[in-house]
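First comes the structure, then the notes that go with it.
Chains here go by letter, A, B, C and D, matching the order in which they are written, and residues are numbered from 1 within each.
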Amino acid sequence: MMSPDQTPASSRRLRLGMVGGGQGAFIGAVHRIAARIDDRYELVAGALSSDPERARASGAELFLAPDRCYDDFRAMAAAEAARPDGIDAVSIVTPNHLHFPAAKAFLEAGIHVICDKPLVHTVEEAEELAALVQRRDLVFVLTHNYSGYPMVRQARAMVASGALGRLRVVQVEYAQDWLATDVESGGQKQAAWRTDPARSGAAGCVGDIGTHAFHLAEFVSGLRCTALAADLTAFVPGRRLDDNAHIMMRFDGGARGMLWASQVSPGTTNGLRLRIFGEAGGLEWQQEQPNELRFTPLGEPSRTLLRAGAGSLPAASAISRTPAGHPEGYLEGFAQIYRDAADRIVARLESRPAPDAVPLPTVEDGVRGVRFIHAAVESSRGDAAWVTVPAAAAP
Amino acid sequence: MMSPDQTPASSRRLRLGMVGGGQGAFIGAVHRIAARIDDRYELVAGALSSDPERARASGAELFLAPDRCYDDFRAMAAAEAARPDGIDAVSIVTPNHLHFPAAKAFLEAGIHVICDKPLVHTVEEAEELAALVQRRDLVFVLTHNYSGYPMVRQARAMVASGALGRLRVVQVEYAQDWLATDVESGGQKQAAWRTDPARSGAAGCVGDIGTHAFHLAEFVSGLRCTALAADLTAFVPGRRLDDNAHIMMRFDGGARGMLWASQVSPGTTNGLRLRIFGEAGGLEWQQEQPNELRFTPLGEPSRTLLRAGAGSLPAASAISRTPAGHPEGYLEGFAQIYRDAADRIVARLESRPAPDAVPLPTVEDGVRGVRFIHAAVESSRGDAAWVTVPAAAAP
Amino acid sequence: MMSPDQTPASSRRLRLGMVGGGQGAFIGAVHRIAARIDDRYELVAGALSSDPERARASGAELFLAPDRCYDDFRAMAAAEAARPDGIDAVSIVTPNHLHFPAAKAFLEAGIHVICDKPLVHTVEEAEELAALVQRRDLVFVLTHNYSGYPMVRQARAMVASGALGRLRVVQVEYAQDWLATDVESGGQKQAAWRTDPARSGAAGCVGDIGTHAFHLAEFVSGLRCTALAADLTAFVPGRRLDDNAHIMMRFDGGARGMLWASQVSPGTTNGLRLRIFGEAGGLEWQQEQPNELRFTPLGEPSRTLLRAGAGSLPAASAISRTPAGHPEGYLEGFAQIYRDAADRIVARLESRPAPDAVPLPTVEDGVRGVRFIHAAVESSRGDAAWVTVPAAAAP
Amino acid sequence: MMSPDQTPASSRRLRLGMVGGGQGAFIGAVHRIAARIDDRYELVAGALSSDPERARASGAELFLAPDRCYDDFRAMAAAEAARPDGIDAVSIVTPNHLHFPAAKAFLEAGIHVICDKPLVHTVEEAEELAALVQRRDLVFVLTHNYSGYPMVRQARAMVASGALGRLRVVQVEYAQDWLATDVESGGQKQAAWRTDPARSGAAGCVGDIGTHAFHLAEFVSGLRCTALAADLTAFVPGRRLDDNAHIMMRFDGGARGMLWASQVSPGTTNGLRLRIFGEAGGLEWQQEQPNELRFTPLGEPSRTLLRAGAGSLPAASAISRTPAGHPEGYLEGFAQIYRDAADRIVARLESRPAPDAVPLPTVEDGVRGVRFIHAAVESSRGDAAWVTVPAAAAP
């Protein structure tokens, strides 16, 4: 178990800025807590809102200096890049449609980026960002936060170690019920932008939570989904984007899988669940009980592995903040992404090689997520015909 | 709660025969226990094996009179039909390929039939049996035993009552791991016939357990699956029939669903699980914890309904043999099919109308199951193209 | 896994009689199903009620011959003992106060006895029965049915094998809520006799369910409770017997334990649960999920052992009627007691030695249960002072 | 749901110091994370170790200024009290025996205290601290962190609202297995001081975790335990303090309860679990699944209440940082204590009345915990005789 705040890789906290996340937002506060938990960042600047009044008020609540409360992210990127004490990295926590211009602005200003998912609306935008990241040699971390859970890392390490043998079946699902009615018409802000094609892109549920499920499946299995057949539905009358997705998947190496994403299934809450089966064993993990991982070697009783408990691999133990039985949750998993990002950013700042063992989602995962979204939408429009999910950009 | 053995609908136990189920068989013993639990049958005759020696030895163990131990089911049908104390009904518990000739023989002899699933190999055979049942006005019960669980009946009654509102999503799965390796080559008798096209028909996993899942989904939802897209796989090298099935489904009325059946998923045992979601609520039931039903009215906390406990409807309470907290299981669920069959057979024998409220699987469900199997196989051969599941026989 | 109905130890079913269990009774029907499941008994006689009309009507429903429907158990014992086809054994399923005279009558008539628990009201009666059983060399089985669950047998076998090392802590509880209000005044028949000292003896909850918990703890642990300190309460106003019991226990060899029995705890149903901890490992079993046993070797992940699944010892596998994943429940556990009793009775009838490996509760366990009840009542009257639980009868 | 970091009650973060918690410690890091999560504190000073070298190194890792890294807590109290930018509050996270002198030093210096539990070794010390707190009018918070979990607050609010009716039974347990062997002899630092009377006081397990269970039971039930009977055991050979405790409890108003605390029970991890039953309903909560609360109104199905989900009262929703389904854990529960402490300290600093609705454990709870420990030890020495737990200090 790590002593989380006693082993900084650097002699100072990183200076962090934030775009989005002002009063009334949800995910911005989550990013801020995640950044604080391991004490590797200090929030010093923000374009928390495009409304000047709100930007200032939001900043004051967060103890930001008034001159570092911006109402325009481009102005922020320019000003911070020019300051000797300017931010080292920026967190982008806006609705999806602003990810692209914001990320581009900060990357061009030479500032490392931590960005919420899904990356952007189009494959073109995604590839442009990926190219920019590479050209500027910057760190770009995409907060597929569920990959920061210790027992997800444990699962990945177990699969990689061969504990399951050759993989055959991958079942992943992410089910919620908060969009079971037309809450977007009732003024629910979170629902409004998520169901609006202009702000969310071509997909609703598939983009919002399907991408998490897809990333998790590939992250843990180590496989690439090569093709999918999708049946997307908008069940709530008047809704313009899908709120339920049924997807069959084929993976390289021959494994097959299913992905179910839903935001209209009463009794489910934040039901991300992964089951992976190989020739030699099976694994099951559920986000709502994240400290447990069920592992069954073929022909033996199932074991319940506990985070930081017996059977916990370094991949999980080393990033645990508390002993087994002291539940860590969503915020700690999110914090792990920030902690790993800090290690990577510090290494870049100090011109050291990045810690290569850390399986952190990057802009490439963002590109992949956008490809997934577009394949799913295309397949569904084609009556669930198989659509290839390209492995990499066309030359 | 019923007092299960104190309210016979008849002045005597029904006389029961059995085809198959001799020494070394599995499902035959299950049928016999099921028939005994509520004391409505007396086993008096059998063609327990086609091997004369084994037929006799098996019968002796079951206290059958020697002259009613047959080694040929056709001879048995003829002899029993001719006896004044001949059997009222026969249980057919052979491998699948014998269901058709055996059922035909007993139906033609005027004997009621209780038959294991899946019904037969081909749609033509299925329809021939259905026509024969109708022509002879006999009772034909197919042992989709999971529909005999009280909380499955409860779920069906709740859906029918509108507790979930209009249905949207149906997720059903049936996962096992006992065929994760090539046990059929090692002499495992149960595995051998289930993976043999000659004895199992066109499908393996889809026929063996997929039909149960399909029946359960339709039974509880009250919906008909109108089309499906299936991706069947035989993962174990050398296996000739599918051992894993991924299926997307569309239902009348617009609901969508997924069905996953697998016999190669380590850590699953007999994992039949159904989740149904409507506009107003959701339900979840798992066969391995059959006395519980999770019900969530939209926007309210989830309730755990217990068999015969608070909130238990007559559909479940009236068929419970014990109070809540006294777990009933697989054998009691199976027994319920036999009990309901007895009510129906006795009514026929006494020329009374059958108790119409009892939702018992019949030869029509068998026809539907065969249609499902063939649609799945056809779809999979067509690379998971959508295939219609016909509602009824073509004219 | 056994093939439950194909290996009779005898060439005929045992002839069974029953005392109590007429219309409106609960546990009688349970005993009858339990006797039928493995097909080792045939119910042929009964004194199902002391009311002649009811006795006859109840018997008719169970297909008993009219001349074997008695309204007096003493008359029944005499008549059946005199018949050449008289009963081999009798089941006594009356309220507690009739156990003693009924058991005595049948034992004196040379008939084997299967009796519900708790055995009798006083230690003197208990010892008298025990002496009678010994003198007449008869089988006397007490239906502490929970000891018939395969995974309880598995737990006992694991403890005996040393898998837990030297035992330290035994926590057992049995919690219900059906007596949380004064249902006995409302005419609930089951509640009425259980809360009536004349029919239940000196204890309520302690006798009705506490004895099950106590038996289970000793049965699995293999330890003897040497002393206890009990705090019994009657929470429902007007109730004359305890409805909640808190008990601390000391065992031979130094282990310590707690027993909680309650019938006034809302949200519990039939919550019998045992946890045993030794130097080398721990076990947990819950009656409401009886097919699972949680086992944790010290310093290793917890395993979930499934009945008839991987890691299942012969003690559990050999008595399983169905494979893992096919839940067996309360009735099958009860049936195991009947099955084991049949083996023992047949051996006695055939003058063979009894199968000694079968850990069946007998009249000695009944004596012990009565001692436990009286120790608990005495301790509670003494403000929870420690009271010895004698190991055996005083000389 | 609160927006946790956007509603500071003050225009600045509180300045925090820490005593103990240097390199190699466990609970110190937990306190620091807890203090950071809601951004209400800034750690600026510490006496992290009495070893000067270690104190300095530990402080450097935490970005403390060198001149505020002390190796003597008395010197720290004096120096910080003298600085204009001195600490507002101090966290005391040493082994138990230092709680008293450290708390006394800071209280006398006029500095608010947040102290780990159990408070001190003797009732006299406890009362001296309580008197000092009152005399100096300072905030003293004892980190019974489990009372910071939202669903524990929910449970307390439900009981207070009468949802359970008059209480009858309180069952609480806290089971671990990490001391099942003599790890203290092997150099395990955490084990060493916890099993050492000089550093832990008169009790081992009872003090370390029993006090948490005791506090939780009283906190949620709103009842006072008036008397207890305890059977304490040291199972591990050579251990000088109890490692298992069985305790029966009586509460004001007539409720009865049991408390089990163990550190030698293999398969348990950090198993704090509370069940409370009243005339009208029951509640169950388990620390390892802290986001759920099971509630059963008598005669109705059990509900699973989720933190911030349907049925969540303001007591839980208002302190939730994330929506239902996003698990919060141990660190967030701990953080709630810090957040509530900050509100109270700020109010004191600004001479405003404290937010009185916040049920924060204080020095009085510490006094009560010490009384509980001593009553348990005294009872056990008297062979589990009933010992009164005084409600308040003798005059």
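Basically, a residue touches a chain if its C-beta (ideal position, glycine included) is under 8 Å from a C-beta of that chain, and two chains touch if they have at least 3 such contacts.
Here the structure is a predicted model, which means the values were calculated and not measured.
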Per Cα centroids, the chain farthest from subunit D: B
Same vs different contact residues, subunit A with subunit D, by half of numbers used: same
Between subunit D and subunit B, distance of the C-alpha-averaged centres to the nearest whole Å: 55
Averaged-CA centre spacing for the pair subunit D and subunit A, given as whole angstrom: 34
Mean-CA-position distance for subunit D and subunit C (Å): 44
Interface hub residues of subunit A, defined as touching at least two other chains: 295, 299, 302, 306, 309
Subunit B-facing residues of subunit A, complex: 164, 168-169, 171, 173, 177, 180-181, 229, 231, 233, 235, 244, 246, 248, 250, 256-258, 260, 262, 264-268, 275, 277-284, 294-299, 302, 383-384, 386
Residues of subunit A touching subunit D in the complex: 3-8, 12-13, 23-24, 26, 29-30, 32-33, 36-39, 58, 61-63, 176, 178, 269-271, 287-291, 306, 309, 321-332
Touching residues on subunit C, where the partner in the complex is subunit A: 295, 299-306, 309-311
